[in-house]
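Heads up, there are several structures right after this.
Shared chain: chain A. Partners: chain B in the first complex, chain C in the second.
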Partner chain A sequence: MNFDINTIVYILEIIVGGLLVGIGVHFVPVGGAPAAMAQATGIGTGTVQLAAGSGLTGLLAAGLMMSVTDNLWLILASGAVGAGIMIGSTMLTGSWIYAYAVGVPFASAKVTYDPITGLSQPPYIAPGTVGHGIPTVCFASGLIGGMMGGLGGAMIYYPLYLINGNAALSAMFAIGIFLVNAVIASWNIQGTIEGFHDPKFKKWPFAFRACAIASILLALASVLITGGA
Partner chain B sequence: MSVGGGGGGAPSAYDPKKLRMYGLVGSIVGIYLGSILNSALNTEVFSFVGAIAAIFAVVMGANSVRRICAYGIGTGVPSIGMLALGMGIIAVMFGLSVAETMGFGLLGPIITLVYAGVFGYIIGVIANKVIKFNIPVMEEGNADLSMAGALAILGWSFAVSGTLGYADIVNDVLMTGYIAIIFIAGGLAILHPFNACLGPDEKQDRTLVNAIMVGGLAMVATGIAALATQGLAAGLLQLIIGFALWFYFFKMYYKLVKRDASAVVGTGLLPPTVQ
Partner chain C sequence: MDAFSMGLVAAMGALATVAGASEDIESDIGSQSNPNSQVQLAAQVGNPHRIYNKAVSGEPPANALWAATAAIVAYTLITAFQMPALLALVAGASVAALFNGVFAMSSYFGRNASQARFNQWIYLDIVRYTTPSIMAHAWITSFCIATISYIMVYMLPTPHPFPMPIIALIWGLAVGAIGSSVGDIHYGGEREFQNRQFGCGLNTMLSGQIVRKAEAGLRNSIDNAWFCTKFGGPATGMGFGLTVFLDNWRTAVFDPVTQASYAIAMGLFFIIVMVIYNNYIEKSLRRKYGPYPEYKGDVAA
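Right, the complex of A and B next:
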């Protein structure tokens, strides 16, 4: 392919997309295995599964919008909303199970008062656990994280599609870029985080730097591929 | 959560360097052999060689998952398997596409391998230096993982499409969506063995036999895909060989489980009687 100003724009878009994915992971309330047993706050699965789930939904939503229009802003919005809906419904149905099946009150162990509702948290934490369920602040944080992931996924997919014009190839390539950034970010938070109120959230600059380096390498590779046919 | 193994590194009966040599040479030679046989004899029945070649790469990948995760990475073993396949798919597409653009289609696997190795090593350096993991085997382990992921995807893609041409792989594997099967089945083959066997009593031979077993299952999946893309003979051959591999190594795995378990007892029929 010929190298021009558009190529640089594509590279920048992919890098920004990768960074959005990496930072977005820090917002999602990932509880891991302890949360699956209602012994920690958050959704009871791993970072990569959640990030990949929301990001891929965003990718699909963006791809669908892209088949109708080529307006960048509409595509990005569609990706963000798609991923937001996915992570929101995951948290909502997860909450039903925590509330009605497991029977735990929602409480965060990382803050004394919920930053959004202002409600006191420590009295509701069962002894021997580090919080349980998905409190309001975690839900809000998760929505932000999911939307950032979807925005990032759409932002990676859009330039890839413009470069090679092959939807399947662009989607798989975007999934690859997405997974690399999500795993690096999840290594940074060591597996579990509650959201933007968690002390671990302050570690995001490390993930920013790591994802920037990885995304640059991935972006350089992705502008060189062709559509095949 | 990866809790098994502690911080001391995994004890191994087979040297990682030897396994890496076998993995790389086995899979590269296998992929080229399958490709040359297919094009020289103008047939597609040798596609199964690519699927077997991928199993060499899977064993190498499973061993490096085992080495890294024995230190405990905090995010669970699946995350590293997904990373391996994420790096692998980018390397494969990049390698095949660049080779095709340069006019040397046959160089594809080599370019793939080089990009995967370099990229994996850089990810390992980032993990140690920027994220501050301080795991001594992180760099070479990640390079191994990335190369294993790339060669596994390449081997199975070849098994589905029957040629190494970029356009054919895009049409037969990507556009049809079989890449998703390869992605998940290949990811399982690399990440599942250690995820299943981890713990203080984890033994290398048991983990690696499990890897070959899951590789055989993945070969059954690519065989079904090959039925649709290459026709009955090539697909069925792959399916049968994959099933035979799975069956043989499942028996072997069960033997090793019985060897390592303190006791294997029956639990009786459900529902349990109250005592």
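Right, the complex of A and C next:
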């Protein structure tokens, strides 16, 4: 293969995509198993699981768009919106369960007032829990995170497809690079995070560095391997 | 947009709704995913139980495996053996259900055997009559997802460039993520802990104190499925159905070749509507439920 200026641009795009995924995971409000018992604020699942579910739905949308156009912005926007729809419907239907089956008001234990709506949180936290449900700030943060994941997935897929022209191969590599970055970020989060208002969010530079190193290695490998295919 | 492709998108939405519901009920019968932590803990804190315990893995990878297995078998039968699509999809889903049965049973035996020191028994009758219903629900999920992938690749006017198994893998991940974020709350947050006061999250002190008695006799996982079918399953179905339907509807109504920006703007519109709806739920809950009586501070606006 020719290692020219285009290849360097492709590698940079993959790295930026990986970093978007890594940082995006920090925005997704996941409470893990405690949230499934309405014991912690956020969505009741694991970080990687939800980020992968939404980001890869975005990858599907981006892949479809890329089969009909080569306009980078449309592909990226399509990926972000596809992921946003997935994470939005997940959080919305999750809210129904918190609201109408478990019967808890939405409250965050990390802030006294919701930074977006200004609603007070402590009176609505059930005793013995650290918040429950998905308040507006978590919902908005989750959308940002999911859309960054979709954007990142599309950003990884785009150069790979340009290199090898094989949608299946590019998609598999995109899924792999996506998962590596999501897992690294979730180690940094250590299980649960409520979104950009959570004090844990300040730890993102660690994940940024780790994801950058991983993405550089993965970008080099994927550009070389798929280039030879 | 033509009526045929709109009908296909509607069919995909319907299949996704069924897939989401059956996925959640499958995980509830087997106590997979997050609520499994409490089932696992129950025996350790002195509450041996008759609830199925199969945390094979997180729901998204598990369902991705089953959906991708179904799609790979169907794809092979369609392309290499020219089998009719419907039969091939049925065969694929059956293979996936067999995989699921093997995983579920080995997980049940392994987990409960490892808890023998806590007096947790392995109940062979539970294995005999619960495993088939887990497999049946996994069959429905993988059949629906493999069919959605088939429609996306072979039938829609703008065929998807990814091969069927990869699309099934991604939708399997998505349905698992939705099932574990939505339906599991109904099982973990409500059904497992019906012995505590309604309308509050699980107090940390009650961890592991799951309900073990049913209306008659001892509670088992089929009772849990009966309960979760009423709300958790359908809500998960709505979540996954909305994802598949809205995502494909905007590219079916607006041609992605000429009207791509409209399709994207439509997606953004849906997202904004969801934010507003969630905010409405949040405010109406505060109005209806009010603050917790145990709260000692001032109740600000």
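Just so we're on the same page, the second predicted complex is superposed on the first by the 225 of 229 C-alpha atoms of A that agree within 3 Å, B and C clash if a C-alpha of one lies under 4 Å from a C-alpha of the other, contacts with A are read in each partner's own complex, and residues count from 1 in each chain.
The rule is simple: contacts are C-beta pairs under 8 Å (C-beta built on N, C-alpha and C of every residue); 3 or more make two chains touch, one makes a residue touch a chain.
Bear in mind that the values here come from a model prediction, so they are computed numbers and not experimental data.
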So in the superposed three-chain picture, is A:W187 touching just chain B, just chain C, both, or none of them (first/second/both/neither)? first
Applying the touch criterion given at the start, work out whether A:L64 contacts chain B, chain C, both or neither, answering first, second, both or neither. second
Partner chain(s) touched by A:A33 [first = chain B, second = chain C, both, neither]: both
Looking at chain A, does chain C or chain B touch more of its residues? C
Look at A:A109 in the shared chain and tell me whether it touches chain B only, chain C only, both, or neither; answer first, second, both or neither. neither
By the touch definition at the top of the document, which applies to A:I216: first (chain B), second (chain C), both, or neither? neither
Tell me which partner A:S54 touches in the superposition: chain B (first), chain C (second), both or neither. second
Which partner does A:L74 contact after superposing on A: first (chain B), second (chain C), both, neither? second
Have a look at where A:T129 lands relative to chain B and chain C in the superposition and call it first, second, both or neither. second
Under the contact definition given at the top, report the residues of chain A touching chain B in one complex and chain C in the other. 32-34, 46, 49, 52, 168, 172, 175
Could you pull out which chain B residues touch chain A in their complex? 1, 73-76, 78-80, 82-83, 85-90, 93-94, 97-98, 100-101, 115, 119, 122-123, 126-127, 130-133, 166-167, 169-171, 174-175, 177, 179, 183
Complex contact set, residues of chain A against chain B: 32-34, 46-49, 52, 166, 168-169, 172-173, 175-180, 183-184, 186-188, 190-191, 206-207, 209-210, 213-214, 217-218, 221-222, 224-229
In the complex, the residues of chain C that touch chain A are 33-35, 37-38, 58-61, 158-163, 166-167, 169-171, 173-174, 176-178, 180-190, 192-193, 198-206, 231-232, 235-236, 238-240, 242-243, 246-247, 251, 256-257, 260-261, 263-264, 267-268, 270-271, 274-275, 277-279, 281-283, 285-286, 289, 291-292, 294-295, 297, 299-301
Chain C partner, complex, touching residues on chain A are 32-40, 43-46, 49-50, 52-54, 56-57, 59-61, 63-69, 71, 74, 77-78, 81-82, 84-86, 88-106, 117, 119-120, 122-129, 132-136, 139-140, 143, 167-168, 171-172, 175
